[in-house]
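As structure tokens, here come the structures.
Each of the next two complexes has chain A plus one more chain, namely chain B in the first and chain C in the second.
Right, the complex of A and B next:
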């Protein structure tokens, strides 16, 4: 052990922190533009008639979803893994030149793939499968990036000093395996140029699935992308960062294990709730509903475990903005994992399906839980990877309240809009004639769409404050010693 | 017995089995702690004492290394 290094090596973590922030800005900026387009259609011509092809809603929408899912969130997952992974396994990346090289290769290929995604989506090259829009050459590049990450996970585990894998590592492994399985099966496609002997563009493909099968595979994938992209890795983050920042070990390690297996078993069966009242078999719809309701238990198991971790230390929520971010994140996790099952109940779904309430649900989950937790993770990591104090605590507090207000405006306006839509669509007179036409709902919803856009804008402003705070931390934050980094993160005024 | 009846029995026994597995796992976690086989709660400290120079909560012993090598 004489060659044992004294420090962890955060080179790869830093690179992915950078893409987390940049792609977060891109994804959320496009999201805000889309929200304003829905409220004010003339925004579709943002850059004039000539460029309308590139700025209209339909061209930008996949750019928003893919930038926040595969750009911001996945970068956040990679960044936190390359930080947490080393620490809980007590092994430095510097100890393995091979893993370090593979990590850098993973980052390089990731950036190239992101560039290809942005260009192809803007150019309108897409498979038209929601959340799986990339054509096959990009899919293959994504698989390589993912496999490189897997090699790094299991490589680090292979050379670890800590015998037991901390609960966060279990969640990262589940993320890796879950996404790999989902991505491969849902993106199965036939490249038309090669299959037909030279017809069409070389990069085009058609899905291997059609009709109801396509819907089933798509929502098995789509819902579990929420599971293994927006839930499992984010739980991995909070299980590490909240105990570390608060100085309190997780309240019940046993509960964390039980919730893990509960989540793994239950989540995969819940996707059918996206297809209620559609052409898929009735038993499958019922199964989707039932498993969605059961899903409350493992989700709340983790969330309550996090809140109980703060037992006796609640004053930290008032004094530390970083703890505030994490506690609000876990509260939103509880909230959206209760809201989701409610929407999955058939009678509620009869009103909620296809309405803005679903959009509201997604956004209280991602803005309140995913983004808050990833930002909190980066705030905790920044002083440790840059060896500098967080630039401004008061800016963090202001950001927290601006963004919280943004999320609340977003989901409350979408609740009202969604339920109004649902009720108007089904209203009929005594002869069964529909009471409203589609345009009646559009007129009524306009104020709520405006409120949603303002909520999104507030959130984006908060994200810019976050980016600025991290940039200033990196460049001018007060330099700190190792002993200041044991638990609570050092913050400047 | 028609398919619907089979499904009903299948559904009931599967649910009973899963409930048994769930409670069995909880029993396993608590009983292994009570019998002193494993202290699960100490693993929570892996996150707190995570400097590269900290002593691991459970070290990979030399014996383990040798066993792993033999297995490989």
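Right, the complex of A and C next:
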């Protein structure tokens, strides 16, 4: 037994791979629609005047952010955990019928919750808090899904054979704890139906916090939703998949350690950078600013650790599209974690805040880093999970270039748009009057919005190629044996 | 120590939790007591205004509009006085926004009127040529949900001591009392009375018919809220 490789059970991983792809398509499709709406407002009526209430920009925007975060990204986190967890802990899900049943239950409940989210956001049921739009019944469902995941993490750890926890597991544990803490505190609310003795909508609630306090808690959450949704779990993925795919050992254990604990400590202080020049106390704004700059260190620590893992093996970047995806992902990670701290400097933020430059920052992070890394993970998992070769390597290469072009068009156009608008808002003429009316600063953005929409469309097309490639792998890819799956993933032409 | 933690998942998890919870404790808790006291001149929302605020939230107006005037000359020139913490004392949730696709609205009540909003919400580009804001015509038809706003008023009065039925100080030294009706019927009647004053300045026939029939369209509530942002 001990000498034979374990048969891992990927049932739950497969289920979440499926939702990763489907919700990725939904979320990014809505993103592309939003982008076209800003460039061409007629698109608000895409399904006609009668349905405009449900297809206009403002109703759809939360659907975009929540579908890509809680749909695509969170599914990707679950899928990779149910794959990586077993392998680094050297224990199969099949060994515990209980954990298996809970995993399936988690998936079922997750799908039901997603359906409820889509319906409620389209109906305009929202708390208005960014990335925390859901009303309390959905919040409760989310907490249950999350707790089920937690039971699975710690359950699997409880029956593990490998005593020492691999780096990726640290990051998954942190993801679990971080999101749990933030989500619970930020969503504290009183249901009005019950507090008023049965009046109005049963699902409505009112925030426990008011005004400035509410903003403070929200951005402590919002910033760290980025930390524990777009950074920590994605780092977990790259720490596992890059060494596996390249056959190289992680460059430095010390650097991993330093980056991990550094990230944990520093990240939580930086939320104040969303509230610069607002009415929260000055010292918090300053802390937010300063800690944001310090945050470069642990962020680059991980990224450099990954790049150096490829030391002496750079030819793999040219030969393997899968390695390309991961290397580009960590490069974009470095890029957005340099850009973020720059935007957190008070004088820069005075111009950048409220503009498209922030939107550009968001998307070079998520498109370049998060989505690239999750797609790479699924590409690496597919042959192992389905015991088949990746359907087409050349399609992967084409996809890579189309999407890279898409990201570049997206963030460069948003940089120009953001800085242009930020400068125009503050411009005064020689008499000390404002030089531009607000609408001047909107119409000037039209070309950039158009470029962004095209970039987004390219990116979406690439994502469809990804979905197709995985589908083909699953159905017609050449069957492979265990010995072909040791390091680099097998790929068909 | 780290090697030991890596073999002891429970203590590892505790160590992570303590590390991440620390900042929250230091930053968030101490601020809570002081930031919530209202400035002079800030009063609780009336039933109709709160109903309108719900319409604003339902349509995610905050996705494109901020309600936070930063302390820069360019912003105070454009929007009016910069925002103060106490002005948000009754804002649950806060609606500062994070993206200004359209202009700030924290003081829009100072420089826009009912009929301006009516025309603008019906066809933004007709009022502001080049505007990319969607038209919100369904608001002229959908009936506003007064019940839920009233339930929220009761909740915040009981749970958070929001001063309904109590005099609150105004800037000119006078006081104002915002009433909270004892019954749902009373709340409807009060909201309708307030809505009638707004609808009198509007010309849309559907809106006028609805008000005459005792119903409040979403647009009227929304305008009540817009007019109150000062």
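Methods note: the second predicted complex is superposed on the first by the 485 of 493 C-alpha atoms of A that agree within 3 Å, B and C clash if a C-alpha of one lies under 4 Å from a C-alpha of the other, contacts with A are read in each partner's own complex, and residues count from 1 in each chain.
Following the convention adopted for this analysis, contacts are C-beta pairs under 8 Å (C-beta built on N, C-alpha and C of every residue); 3 or more make two chains touch, one makes a residue touch a chain.
As the structure is a computational prediction, the values presented were derived from the model and not from experiment.
**Q** Are chain B and chain C a fit on chain A, or do they clash, once the structures share the same frame?
**A** fit
**Q** Should A:76 be classified as contacting the first partner (chain B), the second (chain C), both, or neither?
**A** Neither partner.
**Q** Applying the touch criterion given at the start, work out whether A:321 contacts chain B, chain C, both or neither, answering first, second, both or neither.
**A** neither
**Q** In the superposed arrangement, which partner chain does A:229 touch: chain B (first), chain C (second), both, or neither?
**A** After superposition on chain A, A:229 lies in contact with neither partner.
**Q** By the touch definition at the top of the document, which applies to A:31: first (chain B), second (chain C), both, or neither?
**A** neither
**Q** With the two structures laid over each other on chain A, which partner does A:196 touch: chain B (first), chain C (second), both, or neither?
**A** second
**Q** For A:257, using the defined touch cut-off, is the partner it touches chain B, chain C, both, or neither? Pick first, second, both or neither.
**A** both
**Q** Using the superposition on chain A described above, determine whether A:163 touches chain B (first), chain C (second), both, or neither.
**A** both
**Q** Under the superposition described above, what is the C-alpha centre angle at chain A formed with chain B and chain C, rounded in steps of 10 degrees?
**A** The angle comes out at 110 degrees.
**Q** State whether A:249 touches chain B only (first), chain C only (second), both chains, or neither.
**A** It touches chain B, and chain C stays clear.
**Q** Contacts for A:62 in the overlay, against chain B (first) and chain C (second): which applies, first, second, both or neither?
**A** In the superposition, A:62 contacts chain C only.
**Q** Residues of chain A touched: more by chain B or chain C?
**A** The partner making contact with more of chain A's residues is C.
**Q** If you've got the overlay open, could you tell me the nearest Cα approach between chain B and chain C in whole angstrom?
**A** 7
**Q** With the touch criterion stated at the top, can you tell me which chain A residues are shared between the chain B interface and the chain C interface?
**A** On chain A, the overlap between the chain B and chain C contacts is residues 163-164, 257, 261.
**Q** What residues on chain A touch chain B, complex-wise?
**A** 4-8, 86-88, 90-92, 160-164, 166-168, 239-240, 243-244, 247, 249-250, 252-254, 257-258, 261-262, 283, 487
**Q** Would you pull the chain A residues touching chain C in the complex into a rising list?
**A** 37-38, 41, 44, 49, 52-53, 56-59, 61-62, 124-130, 154, 157, 163-165, 170, 173-174, 177-178, 181, 185, 190, 192-193, 195-197, 199-201, 204, 206-207, 209-218, 220, 257, 261, 264-265, 267-269, 271-272, 274, 277-281, 284, 287, 350, 353-356, 358-359, 425-428, 433-434, 438-439, 442-443
**Q** Which residues, counting only chain B, touch chain A once they are in their complex?
**A** Within the complex, chain B contacts chain A at residues 7, 22, 25-26, 29-30, 33, 40-48, 50-54, 56-61, 64.
**Q** What residues of chain C sit close enough to touch chain A in their complex?
**A** 2-3, 6-7, 9, 12-13, 16-17, 19-24, 27-28, 31-32, 35-36, 57-64, 66, 68, 70-75, 77-78, 83-85, 87-103, 125, 128-138, 142, 145, 147-152, 154-156, 158-160, 184
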